[in-house]
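Here the chain labels run A, B and C in written order, and each chain numbers its own residues starting at 1.
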Amino acid sequence: MPELSYREAVRDALSTAMREDEDVFVMGEDIAEMGGSMGVTHGMLEEFGKERVRNTPISEMALAGAAIGAAMQGMRPVAEIMYEDFMTLAAEQVVNQAAKLRYMSGGQLTVPVVFRTQGGAGWSPGAQHAQQLEAWFVHIPGLKVVFASTPEDVRGLLWSSIYDDNPVVFFEHRTLYGIKGEVPEKIEPIPIGKARVHREGEDVTVIATGRLVHESLTAAEEAEKEGISVEVVDPRTLQPLDEEALVGSVKKTNRAVVAHEAVTRMGFGAEVASVLQYQAFDWLDAPIERVGAKFSPLPFAPVMEQFVVPHAEDVLAAIKRTVGRNGN
Amino acid sequence: MATEVKLPRLGQGMESGTIVKWLKAEGDPVEKGEALYELDTDKVTQEVEAEASGVLLRIAVQEGEVEVGRTIGFIGEQGEAVVESPDGDSAGAAAARAKVEAPTEPSPREPEPTTAAAPSTNGRIKASPLARRIARERGIDLASLTGTGPDGRIVAEDVERVQAQPTPASDSLLLARAPSREVESRPLTSIRKTIARRLTQAWTVPAFQLTVDVDMTRANELVAGQRELNPDVRITVTDVLTKVCAQALMRHRDMNVQYADDALLAFPSAEVGIAVAAPQGLVVPVVHGAERLTIAQIAQVRGDLVGRARDAKLRSDDLEGGTFTISNLGMYEVDQFVAVLNPPQASILAVGATRERVVPRNGDLLVLPMMTMTLTCDHRAVDGATGAEFLKTVKAFLEDPGLAL
Amino acid sequence: MAKVEEKKDALRKDELKDVLREMLLIRRFEEKVEERFRAGELPGFLHVAIGQEACAVGVCRALEDGDIIASTHRAHAHTLAKGTHANELMAELYGKTEGCSHGYGGSMHLYDIARGNMGANAVIGGGLPHITGAALAFQMRGEPRVAVAFFGDGATNIGTFHEALNLAQLWQVPAVFVLEDNKWAESTPESQHSPIRDLSERAKAFGMKALKADGQDVEAVYKAARKALDHARSGKGPVFLHLDTVRFSGHYIGDPQVYRPKDEARELRSKRDPIEILRERLEVGDDELAELDAEVTEIVEASVEFAKAGTDPAPDDALKNIYA
């Protein structure tokens, strides 16, 4: 099987869709000549031209809103919001408009737009360039929210998101762009709303997203050495959530850890924990653990950033607490 | 016809306003659009315009708070008569009120069964939900366990380590009661009242009892064999008893009857009830058509019914239509007892514990697993001979299950 | 609504009676809405466009088939002028399934996609970027269609206004941005919300072509709209159409307008009523007007009956239409 980096996988999904479908086009800040601040659209201007690979001014509301307007007319635009933090600027259009247009029109409209963005800590980007805000968007009825963590997943899911008739907020993680992974020869669409089991286990289920999928797999290896068998599951789609898979796994292992890079408090993990508690109550042998960032904005100094953000050892500690015994 | 001046709704959510003062007097001419009175709402005091031209014939409400839609005055031609209704309520206001839909009331919650862990003298028992479930299923008292989980929490492993109790023939919850010094007055639950009423009624029925001892060797073998054949289902002696009684009822149709006021009702099928001690009280869920089910199927149905009885989730068709009841107190080590009839059923079988006894047979002394069962019958519907023949068949089926085929 | 094969750059004499009738229909509709609201029959809050009829009718009559509009929270006039029947509009205000948005939207979320009405928007300026995007789609697909946005003077201050017009001009998309300048943003007069007096300057700041017209003169509105649409349609870029108009009523039904000098509204009604202006020009006598009035009033009353007899959605219809 061929190997692609996460970045290349995103580009491959976009390019393949644009080759096959005149209605697909991309717009965003600095995506044309520069190829995007994360290099995702590198080379696409040359292939597709400036009509379909559009630089926009720094105006997230118009960027998001124009994408919505074009989608309302039947095109399938993919708008790139440079940093997840700037989703706050686009939010009026994403939340008040895209999410609700179909509903308010009584079903007359579809808005097949994708908002691609990336976030995450690492290498001191500072508090306004590193947030993980998925919890805000999974809370809005009308939006779908996807967060893939591997090249294969990001390619297959971006494809499905482009062809989903609903507005999709598509999160990427900045530290994952360089990771390489095997992908099928041809793009295989991955259904929205289906989780993926990365590693099977018997003692505890770790449900993780984004960068924390990889941290959890590392933690699982460590735990194995101590005789703890860990199952790692990536929901991949945050809304709609594959409750069946997640609950099914916890019913098998009787213990759960939910891990994400976003701030723990009031985060996406809190909802997952609640779903598990409710549906697997009689199967739980330990309280559900949550791993996430501490409740603070992201600091600049590397030692502080390291402290705030979760890593494999935090997942491992949580795993151990679920199987813990007296005194541990 | 004079036009009614009604208090208008001037804003979303406005329900009433306060008339401060009228700017026209009765008898004054009024033009549509002219300011008519001053109104105080939540937000502001404002002038309200007349919606019609003519003469202000009557001011019905001089001042004060008025609901939206209420008639406060009349404009018309000079000399016109004015008809005032007693409470100037208008259809509009009523409609506006009716528009607000009352949220549907949540249905009253079923009473929850008490959990197995009772308040111990030290406070609440810490146990994981999984541990609690396993303890409940196995009839293990959590208070008797020490937890090895964090903070002494009882975890599943701690419960699993306890030797499982001998499988009770009909599952029940152990209700540990905290010792207390005062006399407690516990109000009657509706289940308790029902039990009291129905069984008092049953007690007035002329009944007789027949007792017989049964050699359970073959029956026990049958249970073991069935368990091997059906590893996914927990098969018990009660399931075998249910099947056997069902078969026997079909052979002795005169037993599958009920006394009604002016007739005997004969039933085509064996609807066998099984007495269950649920936390809320005695309930008798019914295995419908038991003669048509295999032992494994009966075990499945029974397991489901007992589970739901424990969770107080039995439906009315689980409890209705029974023609015969089996009450098994064997797991409580009762040797023999007499069960009270379960009205309107005509008979009930009381099953005791199976124990090894020394039994003379053909001159030899054998040690056999013996069980004593007592059949209570409603003499209005069933005669002694009918009951005796039925009981003989049941015994025969238990001692030689092949006869039931 | 007139539908001619080739639109002229000015309204024809025989069309003008029809235009008068249309404006009168909107006027009576809005008055009826006010009446029904005060009677407590209409949920939510509503904003009527009494006094601004010529803007809606003049612009919408100038559109070609395939052109689309996006409206504001003050949407009834635009919606009727774009072709939605009074029945469907009234039914929507009553929250019935027969309403144009099937009861899901109400006064501020009126959609009639099949008729090219991309919807009213309750967020000031919320629909402006959609018009830029729609015009972009027309441009990319090579379609001879124009996207038209209506908005008020209050909206010229918000971020989406600046971003949407900036982007539209940058990409030279076929859009027309119609400013219905009634000089009031809710209770704030223009002098208090804008540091400049002539809002067309805002368009010029983007380098966008700006046209002006008297919003109370439907013929003038039509002519200016035709010019604007032609310009946009021929690929010359978007146009800012500044219409000088008057809001006779308050911002919302029930608004006591404590902030507005009492005589202002009255004087404006007498001097700048678009219906009166056209009527005088056409020399329509009292009898003829009464006849037209009776016709449109009948339509309006019928729409109330239609709405009242309509079907309430089932409560759990609320969970439908969230996702495609």
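Definition applied: a contact is a pair of C-beta atoms (placed from the backbone, for glycine too) under 8 Å apart; a residue touches a chain by one contact, two chains touch by 3 or more.
Note that the coordinates shown come from a computational prediction; the quantities given were computed from them, not determined experimentally.
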item: Required minimum of steps from subunit B to subunit C, each step between chains that touch; value: 1
item: Contact-richer chain pair [A-B vs A-C]; value: A-C
item: Interchain centroid distance [CA atoms averaged], subunit B/subunit C, Å; value: 59
item: Subunit A and subunit B, separation of their C-alpha mean positions in angstrom; value: 45
item: Approximate Å spacing (C-alpha centroids) for the pair subunit A, subunit C; value: 41
item: Interface residues, subunit A side, partner subunit C - complex; value: 25, 51-52, 54, 56-57, 59-75, 77, 92-93, 96-97, 101-110, 112, 141-142, 144, 164-166
item: Subunit B residues within the subunit C interface of the complex; value: 6, 8-12, 14, 44, 46-47, 68-69, 92-93, 95-96, 99
item: Subunit A-facing residues of subunit B, complex; value: 128-133, 147-152, 155-156
item: Residues of subunit A defined as touching subunit B within the complex; value: 254, 281-286, 321, 324-326, 328
item: Residue numbers on subunit C that touch subunit B, as the complex places them; value: 37-41, 43-45, 252-256, 258
